[in-house]
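Below you'll find the structures, each written out as structure tokens.
Next come two complexes built around chain A: one with chain B, the other with chain C.
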Partner chain A sequence: MSAATLSRTSGFGGLFAPARVQATVIQIATVVMFLAACAFIENFASASNISSILYAASTVGIAAVGLASVTISGNLFALSLGSTAAFASIVYIAASGWGVLPALAASVALGLVFGLLQGLVVGWLRCNAIISTIAAGSLIAGLATWVSDGRTVLAEGGPSWLGSGTLIPGVPWQAVLFLLIVIVGEVLMQRTRAGWELRLRGTNPDAAELAGLRVTRMVVLSYVLAGAGAAIAGALIAAQSGTGNLRVGADLDFSAIAAMLVGGVAIGGGRGRIIDVASGTLFLAVLTNILLVNNFAYEVQLMVKGLAVLVAVTAGALLARKKR
Partner chain B sequence: MKTLAENPLLALRWLLLLGMAVIFTAANSYFPAAGNIFALGESFALLGLVALGLALTILAGEFDLSGGAMVAVSGLIMLKCGADNAVLGLLAALAFGGLVGLFNGIVTLKLGVSSLVTTLGVMILLSGFAVWLEGGQAINFENYDLTDAFNMDWFGVLSPRSVITIVLFVVTGLMLAFTRMGRDIIAAGSHRKAAGMAGADVRGAVVTTFVLSGLFAALAGALLAITLGRASSTFGANLLLQGASAAILGGVALSGGVGRPFGVAIGVLVLAVLNNGLGLIGASSPAILLLNGGVLLIAVLAGGAPATWLRARLA
Partner chain C sequence: MNIIRSTFGALLAGSLLASASVAAEGAQAGKKVIFLGADDICEYCAVYNDQIRKLAAEKGIDLEVVTNKFDPAQQATQVDQAIAKRPDAILLWTIDGTALFPAMRKVQRADIPLLLTDVQPDKAREDLWVQYTGGNYEEQGSKSAQLLINALEAKGKPLEGGVIMITGIVGQAQTISMTKGFTETLADLAPNLEILGAQPGNWDTGTSTQAAAGLFTKYGDEIVGVYAAEDIMMQGVLIAAERAGLDPTEMAMVGGGCEPVGIKNIKAGLQYGTVLQSPVDEATYAVQSIVDLFNGAEMSKSVYVPHPMVTAENVDEVCQPWPTN
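Let's look at the complex of A and B:
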């Protein structure tokens, strides 16, 4: 598996290698589903609907990209993303008087600090990754409640370009930011020394350490990225709605995990790419939107999302097995 | 000092439990009163069953994320199917829990994927199913006699729910310690390949833990619905994270094969006492969140490098 994981996938065969087949199938399925919906569902291809898909995908996707660095480096997942996003939404709104970019920077700084602290606890102090992030989630939620006094913070002035501006009709700036983060993440993960070390840490933690890789630093880095991703997601949600409160990001943790897993990132670490996270996110966002425009209720959307996770994982496992 | 050197976490959770009991008693004289012990037993029953099921799957080297959502679904099934006949409702809820557990176990083994993935899908599916069952409004239970029967107290402190939960903890503990199935479960979580080669029924053991986890969570949900006389899709929202915290706090290792139900019970008690006591002294909601996080952080540090360092110094 490790050879297939680490070699650059090249050509047609590489796309359907056991380690890549689920990701490839989801990418094809996303495109097919999107085109079919454009052809058969009225108003699906309208600029406003496309932009609503992209708004939903951008926030979850950015959080999932950050989370994926934790997963790929072998620490399963973090459960503090939702409260980090909530705190970041409050900071973004509170700082929005300074302008959009300083407010975004303030939220990201908050996410970086929280990520760094969790990274140190997991990487340096070698504490249990899941429980550390549950504890962090509770502590961050507590701090956010204390700072905001449990109230919703409202932005002054009208909507900003980050909240509702578009590059071209149908493509909001938030989607552009998502795309940039995916590109940077993909290059970082596939083409840099840090990315290689991070993936090798996930493939085999003991071997990576014995081989002298900078294991601790990579684990810390992965949590810093996850914290930053969650904070950006929170800031974007705040920019959309003009409000920041503790409910922002309530189901961000499990939505991000689902998007990442559907895309073909292995929960055990080492396998999966940042573009897979993006395709998993888009797959779920398009699917949810199709249900939404057909007036299916929230509960049906949830059930279909759960089924999509199961089907994607089942298909991935079966296809990979047939290839072996 | 010897136990501390061997297992700092073990000593720590007793320290936490006793320390909190002393502090809360000093802060509010109602804390040790019978009525409050009864209330503690009720929270122990709810969280305990979810944590026990989850701990069993972790022991076998898996992880069941669907327990919290199952509590909500089974409570709704209990009241929907049990409106006329409570036994029927309870059986339906338990059957559903057992079947979902069976599905979790079989799919996880058949696919050879992590149970974190399969049970995440099931968890999302179940939370959607709960909202669908609820149909937009919380469901009330008209069988007041049964609700009253479940709210009576024995000797002032025990409720039917807490007794059922304690019995299940004891039975599970005995099962793990003295039966072949128990040994197989621990073997499956310790070194699955070696256990299979040595003749342990690894697949049976893993499926059993998922079925038990589903059953325990369904029982927790059904009993909660009977006791409260209503059910809602929002029940169980925090139970998964709390259950995982309780299990780890109770000395269950996420890597599998290590842990005992007795430890889990202590872990559950630590969280139950903390939240009960904070509620009694009227702590603010940030304080409750910060202290919950703080207790978990202490527990997690006790399992990491600082504890190894301490152990080396004390040994």
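Let's look at the complex of A and C:
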């Protein structure tokens, strides 16, 4: 990100600079859509419905935040999020007898290991990012099947506080965790040397390398974060239902990519903030909820969500062209 | 006592082995059969795949298991590859009953007997296969409607009010049949129960939670009963009900499949009932279909596994735990 871009993005006017306009529009659209739904849809603003939106947003959002570090660093996507989440859900439930936090830690450790391995393959060995993560996804799914024998693992005693507890009515603990991860991710990406290096690697990999930045280390770090995000998402899904199985996270790859791109993260890398990922996630979660609450047919839901992603990505491409 | 148990166990194991070796002497022994099924990513499929391997080995069948991740295009390619290997028969779990018709026609042209399991495509094309064994999804849906009515009666509630449905993946043959069976039976037996809404749960707990949460928000207290086509989807409904502050014991909650999580919820009183569909039964029937094919037995076009209705009263008797390796 150039100094000129930075200066354009600071201040109120910067919100509508070419590099930020998509993210700003999505943030405004999310707020407008939410307020309109509160006003016109019966029971939409009820605590139970708000918590339903936040549960959906938290799991996808945490995975998307992790994924964003990969995309911003210029490696497109990690396509192993779903299988990592599935394996993590099984580990979480299997370890849930130790307590919520040790089980969560065990799941995260699993995600960190898988992320580290993929990071080394892509960052150190310079293998193709997409092919490597598809292969890793298949490997992880195979391992998870081998470990679980394909069976659903049930928690003793059902869902825990992490799965069903709320800070206040309508705000589940999972949403609090999502918020904390967004804040930490935003600070890491915008305020630290590692964040700068990640973004510069995404903007121009060759220049970043020539400038002596820690390119390999940053790419490895991005996959570690993606693995951790997917694992936390899997653990949270498992905590909600008290079950872990290979179906968990089946749609996570697409959902996380959609949330990130809608929010305004550039596919090509270098542009986008963690807070954009959060707003993209909330935009899709509110939109999905509105469609569900109005009992729209499944095909209509698919069309509307697909259209939203298409419009956002097209707008992003047009804005990027205008920027050039 | 332990000695008696050990001796009895050894005798039982010996008799089972003996019966297996006797059975393996049939005409099916040594026949090459390729089973094109679903991946272990689905728990039901994992149990089915384990069982069919075990049962086929007991009958002396040379069974090759080929799975895919619910991808009809990939399965069509797998059918081509299976034909090229010239097996004595192909057993097919069609990922998409309609999309696989051209592939089934290729099997017919290659003059390889085709047996179907688990998913029954449109019967209008049943000239393409020798026999289907497996679930009768319309019957399952119908029995689920009956169970829902039984639940309301057991709770002393009138047969009126709203019902919501959480279905499988839209467009799948089993989803269409289950929905048809449920809606038609409910309309026949309890015309004052109105289906307010239906959303797909895609055979997944998380998706079902979101789907049910949306319907609970819209219809709330109007809902007197919920039908989820599978017990793992009913688990999602129960989570959504708890979040919405609704008491599931006051509603008629009916799942399907006699799955481990369903058994747990029935015993906890959160779910009224389920309808049995056992992967062990389906695998057993499929292997019997192979045995009948090679032994020249008379083969009807459709053989269905039993689908008894299950409540807390008979759950231990009917829902046997799924075997583990």
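Here, the second predicted complex is superposed on the first by the 305 of 324 C-alpha atoms of A that agree within 3 Å, B and C clash if a C-alpha of one lies under 4 Å from a C-alpha of the other, contacts with A are read in each partner's own complex, and residues count from 1 in each chain.
We take it that a contact is a pair of C-beta atoms (placed from the backbone, for glycine too) under 8 Å apart; a residue touches a chain by one contact, two chains touch by 3 or more.
Please read all numbers here as calculations on a predicted model, not as lab measurements.
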Simultaneous placement of chain C and chain B on chain A, clash or fit: clash
First (chain B), second (chain C), both or neither touched by A:243: second
Which superposed partner A:216 touches (first chain B, second chain C, both, neither): neither
Which superposed partner A:79 touches (first chain B, second chain C, both, neither): first
Chain B versus chain C as contact partner of A:48, first or second or both or neither: second
First (chain B), second (chain C), both or neither touched by A:292: second
Contact breadth on chain A, by residue count: chain C or chain B: B
Touching partner for A:300 - first (chain B), second (chain C), both, neither: first
Which superposed partner A:56 touches (first chain B, second chain C, both, neither): second
Which superposed partner A:150 touches (first chain B, second chain C, both, neither): both
Chain B versus chain C as contact partner of A:125, first or second or both or neither: first
Intersection of chain A interface sets (partners chain B, chain C): 141, 145, 150, 298-299
In the complex with chain B, residue positions of chain A that touch it: 76-77, 79, 121, 124-128, 130-132, 134-143, 145-146, 150, 254, 257-258, 261, 266-268, 297-310, 313-314, 316-318, 321
For the chain B and chain A complex, residues of the former touching the latter: 107, 111-114, 116-118, 120-132, 241, 244-245, 248, 254, 285-294, 296-297, 299-301, 303-306, 308
Contact set on chain A toward chain C in their complex: 42-44, 46, 48-49, 51-52, 55-56, 59, 141, 145, 149-152, 154, 159, 164, 237, 240-243, 245-248, 250-251, 288-289, 291-295, 298-299
Residues on chain C engaged by chain A in the complex (per definition of touch): 40-43, 45-47, 49-50, 170, 196-197, 199-200, 202-207, 209-211, 213-218, 220, 232, 235-236, 239-240, 242-245, 259-261, 264, 322, 324-325
